[in-house]
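Next up: some structures, all given as structure tokens.
Okay, so subunit A shows up in both of these, paired with subunit B first and subunit C after.
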Partner chain A sequence: MKRVAVVGVAQTRFERRIIDRNLADLVYEVTTGVLDDAEMSIDQIDNVITVSNDFWDGRTISSMAVMDACGAYGKNVSTVEGDGTFGALYGAMRIWSGSFGTTLVVAHSKSSEGSLPLITNAMFDPIYYRPLGLDAISSSALQAQAYIDRRGARAEDWAMISVKNHGNAKLNPLAQLPMDLTVEQVLTSRRIADPLRLLDCSPISDGACALILAAEDRVSQSKQKPVWLKGVGYAAELHYLGDRDLSQPQALTQAAKQAYRMAGISSPREQIDFLEIYDAFSYMESLWLEGLGFCEPGEGGKLTREGVTRREGRLPVNPSGGVLSAHAVLVAGLVRMAEVTLQIRGTAGAHQLGKARSGLAHGINGPCGQSHCVWILGKD
Partner chain B sequence: MGKRVAITGFGQTHHTARRWDVNGLELIQEAVTAALADAALTLKDIDAVVIGNMDHFEGINYVDTWGVEGAGAFMKPIFKVTTGGTTGTTVAIAGYYHVASGLFDNVLAIGWEKNSESDTTGAIITCSDPIWDRFSYSGAIPSLAVEASAYMKKYGITEKDAARVTVRDRGNAVNNPYAHLHKAVTIEDVMSSPMLTEPIKLLDICPRSDGAAAVIFSSEEKAQKICPRPAWVHAVSVRHDTTWFGDIDYTRLISLESAAREAFKIAGIHEPLKELDVCELYFPYSFAGLKWMESIGFCRPGEAPKLLWDGVTDMGGPMPVNPSGGVLSTNCIGATGLLRVGEVALQIMGRANKRQVEGARLAMATGFGGCFWSDVLIVGAEKP
Partner chain C sequence: MMVDEWRRQTKPIVYEGGIHMPYSWTVGRTGSRFFIELRDNGRIMATRCTQCNVVWVPPRLRCPVCLRQIENDDWREVGPLGNLRHFTIVRYEQPAQPMKPPFAYGLIDLDGADRAIVHFILGADLSQLKSGMRVRPVFKQDRSGSFLDINYFTPVGEKTE
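Right, the complex of A and B next:
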């Protein structure tokens, strides 16, 4: 299998509502941005993967709206509907297949233009679940409660995650919600869906992100140092929430095992320097850390309490501010990969970590992390 | 190119206007079960799944996660691809790349649609730009009518020429137990059917169907063990060039010209009409069965009627087109392109029963959708 690297990265600034640019404008911005980052031309892009969702875009065949903006004219192009980590996966597959030397992967979202409760209610079974009014927030609240009940998780630990990630965002100029918070402020913020409070929840965000992936024999076309895709794994569990143990993300554990195996990682706790994971809600960061094998089940909160996951800790988690600080749906997972790339390159600017040779990026699809994609990226 | 990939199994539902008896998950499960049976595999043998449909037809968001139980994807890798009408071929092409990448040995590609639950035109209209295109120019039939009119005017094509396409495809469908429309029609039937949008009449256009399809893609090592005569993937090509509807040159299908040319180059095909044995082409309406034949390069522009009336594309002719009855007989949109791929695979495997083209060794499948987009796959009996 050919080695594949990320050789270009671009993101927009994430905002609650971008009114001066439409979806195609956002895609054009990151497409030209990523080409500038790599100092490559669109002619050097062999194929394109776009990431979009008809519900969020309010448009059927939503990719049509961005095909010209991403420079796909005359190229082999396809569209993944799901988190950006899955878009990158298909983009990498196409290079691994030997058919292409480079792939542009681009994801966009304007969550501000849609209704989150309606759009995420539509991901559930229409007969039994939708009439209950379940959406991304209320289903996650069920997961958070199960996490408390079965694993003894604590809202205080989640509050510390929120404080940490919003604090990290202060060093990331693209983040939407850089904030100085206290645990007390999180714990007394408005109740959204018990046990989740406002500051446990990610915001609604608009924005876009793009990566250029390249095969080993093409990485020299980019002026950037390559950051290698070392391993990937993905898996899904059952759809019906009642059939799942929401406090135990088994699909994530399986996806992580695949990714570690492919990357030749036997001890993730020692061999991975930092993580960018999909903390759509504060509790998810600690639950995903358990699923990824960085601690035992039920001990994710402890990692936060002990400061392990802080910027200056032994295992920094979401140094960019994470999804809690900017959550453009579909884009957010690709941003995790972009952020890991920047850290490993050593070009993350103010939020650059000291030690960043090997990082993990993660994205989710479906309710309560039903499907996970785990990437390991590395310097060599 | 990467690893060799072959199709080793194909399953489909009995397509019909309205499947009252199953929900979407059960519909998917029927096709998956049939594909596994065709390849004599079990779910344990499947390493990954890729699925597609068009969201707004069933109104279900994130079909990959909603569909896990129907797709058999529990604790397996799965993601969704979707590109409008080309979704079925997009799924097939994704299945190909999954295996060609070396990540997986057996991959299940699923396309499905339960159109009976949708307002098909209402959903399709929203693909157009909301400011400029949606109120003046949108929906499947009107845009195809513009194309047909431009083509007729330039080359003097008649409605009767187009009717001959319907007669061929609907006649072929009689041999396909899975087809939605099972009744052969005559030129007179087509010509006297109700006018929908000039020049497209009811029998010029595809039905809307409920149905699902599943195709299994396998690595070289596995394929030879699973299937005595697998259908090897020789080439895939995609062109999803988007322009404003008003900027399209309707006398040509540029995306298909470009995709076909690339696919033929990869597959080493110089004279497609002579070298290909059978085709399953995504013709959603009769006029496409003329104009797009020219775009593929089977004949020169304006000459497709002669090809058709001479019987070249009929069953028993030198290069039968749409032995399954094609899209004019069955159109479960997210599955439609995948049905084309599955049907040509059956032809290569020699498992097409009454619709079998004798000696089929090299075949072509196409997908159509979006903003006049095209996908092309070439499969064959020989290893590429």
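Right, the complex of A and C next:
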């Protein structure tokens, strides 16, 4: 199997409501941005993967609306409805299969245009659970409570995650919510759905992100140093919340094991320098760290408490500010990959880490992380 | 620069709109049996996979783990009592919610079932709710064959109207 690398990245700035550019404008921006980053021309892109969702875009076959903007004219183009990490997976597979030499992966989202509670309510089946009015927030609150009940998780630790990630965002000019917070402020912010408070929740964001992936024999077409896709894993759990132990993200553990095996990682704690993971809610960062095997179940909060996951810590987590600081749905996972790439290149700017040779990027799909995609990226 | 000038001078327009899309959702025979039992007899039905030894609720035509087909003997009534596995008290309002907050959602382990269902927890002082407490369903008087034929679950011992 050919080695595949990320050879170009672009992101928009993430904002609560972008009204001076429409969806296609955002896609144009990152498509030209990623070509500029790589100093490649659209002729050097063999195929395109877009990431979109009809409900969020408010139209059917939403992918077709951005075909022009992503430079897909005359090219083979296909779409993933799900998080951007899965779009990158499809894009990489098209190269690993030998079908193409380069793939442009583009994800866009204007989360502000639709209704988050109505759209996320619609992810539940219409027969049993949709009529209850469940949505992304209330279902995640059940998971957060499960994490407390089964693993002894603590809201104080989640507050520290919110403080850390919003603080990290101050160094990332593309993040939406850079904030100086205290644990006290998080713990006294408005109650949303117990045990979650306002500052435990990610914002609604508009924005887009693009990557160029290239086979080993094509990476020299980019002016950027390649950042290699060393490993990937993905797995899903059953859909109904009651079928799952919400305190134990077993699909994540399976996905991580696949990714580590492919990347030749036997001890993730020793061999991975930093992580960008999908913290749509504060508790998710520590729960996903457990699922990824960076600590024992129930110990995720301890990593935060002991400062391990801070920028200066032994294992920085979400140095970009994470999803808590900008959550363009579908885009956010691809942003995790873009951020890991920038760190490994050494071009992350003010939020550049000292040690960043090997990083992990992670995305989720479905209620409470029903499915997970884990990527390991590396310098060589 | 000229290009910046027109950008600066053009005030962006935003269209207000919406999509109303009617559907006729088919429930299927397995789900239909669940809802008919709920409507006509106030019984909560589940299916057991004899291979995995798991009682699934809501019932499934096939076991979602091993894909074995459910046979006649595999249907059983579960509950009506159960244990409250986890709950959340919802304090924000949104239009898909059928009632005004605050209210609670719970994951409920019905007696005899191996998987939990999600439903409302009401009829009690919400601050008194505890994970693990015994709950019972309160059925609607006029039932139509829907998941909301169960009005809500309430802690055992709570009086209801």
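Just so it is clear, the second predicted complex is superposed on the first by the 380 of 380 C-alpha atoms of A that agree within 3 Å, B and C clash if a C-alpha of one lies under 4 Å from a C-alpha of the other, contacts with A are read in each partner's own complex, and residues count from 1 in each chain.
By definition in this document, a contact is a pair of C-beta atoms (placed from the backbone, for glycine too) under 8 Å apart; a residue touches a chain by one contact, two chains touch by 3 or more.
Quick caveat: nothing in here was measured; it's all calculated off a predicted structure.
Within the superposed three-chain model, A:Asn365 lies in touch with subunit B and out of touch with subunit C [touch as defined at top]. Touch criterion met: A:Pro117 reaches subunit C, while subunit B stays clear of it. Which of subunit B and subunit C touches more residues of subunit A is settled by the count: it is B.
In the superposition on chain A, A:Leu238 makes contact with both subunit B and subunit C. Of the two partner chains placed by superposition, only subunit B is touched by A:Met93; subunit C is not. Once the two complexes are laid over each other on the shared chain, residue contacts for A:Leu246 go to subunit C alone; subunit B is not touched. Legend: residue contacts after superposition of the two complexes on their common chain; A:Pro126 is shown touching both subunit B and subunit C. When the two complexes are overlaid on their common chain A, residue A:Arg357 makes contact with neither subunit B nor subunit C.
In the superposition on chain A, contact is made by A:Gln145 with subunit C only, not with subunit B. Applying the stated contact rule after C-alpha superposition, one finds that A:Gly58 touches each of subunit B and subunit C. For the contact definition in use here, the residues of subunit A common to its subunit B contact set and its subunit C contact set are 58, 126-127, 238, 240. Touching subunit C in their complex are the following residues of subunit A: 19-20, 58, 115, 117-118, 121, 126-135, 137-138, 141-142, 144-146, 149, 190-196, 238, 240-243, 246.
Per the touch definition, subunit C reaches subunit A in the complex via residues 7, 12, 14, 17, 19, 23, 25, 27, 31, 56-58, 64-65, 85-92, 94-99, 105, 107-108, 115-120, 131, 146-148. The touching residues of subunit B, when paired with subunit A in their complex, are 1-3, 23, 54-56, 59-69, 73-84, 90, 93-94, 96-98, 100-103, 123-127, 129-130, 236-243, 258, 369-371. If you check the complex, the residues on subunit A that touch subunit B are 1, 53-55, 58-61, 63-65, 67-68, 72-74, 76-82, 86, 89-90, 92-94, 96-99, 119-120, 122-127, 233-240, 250-251, 254-255, 258, 365-367, 370-371, 373.
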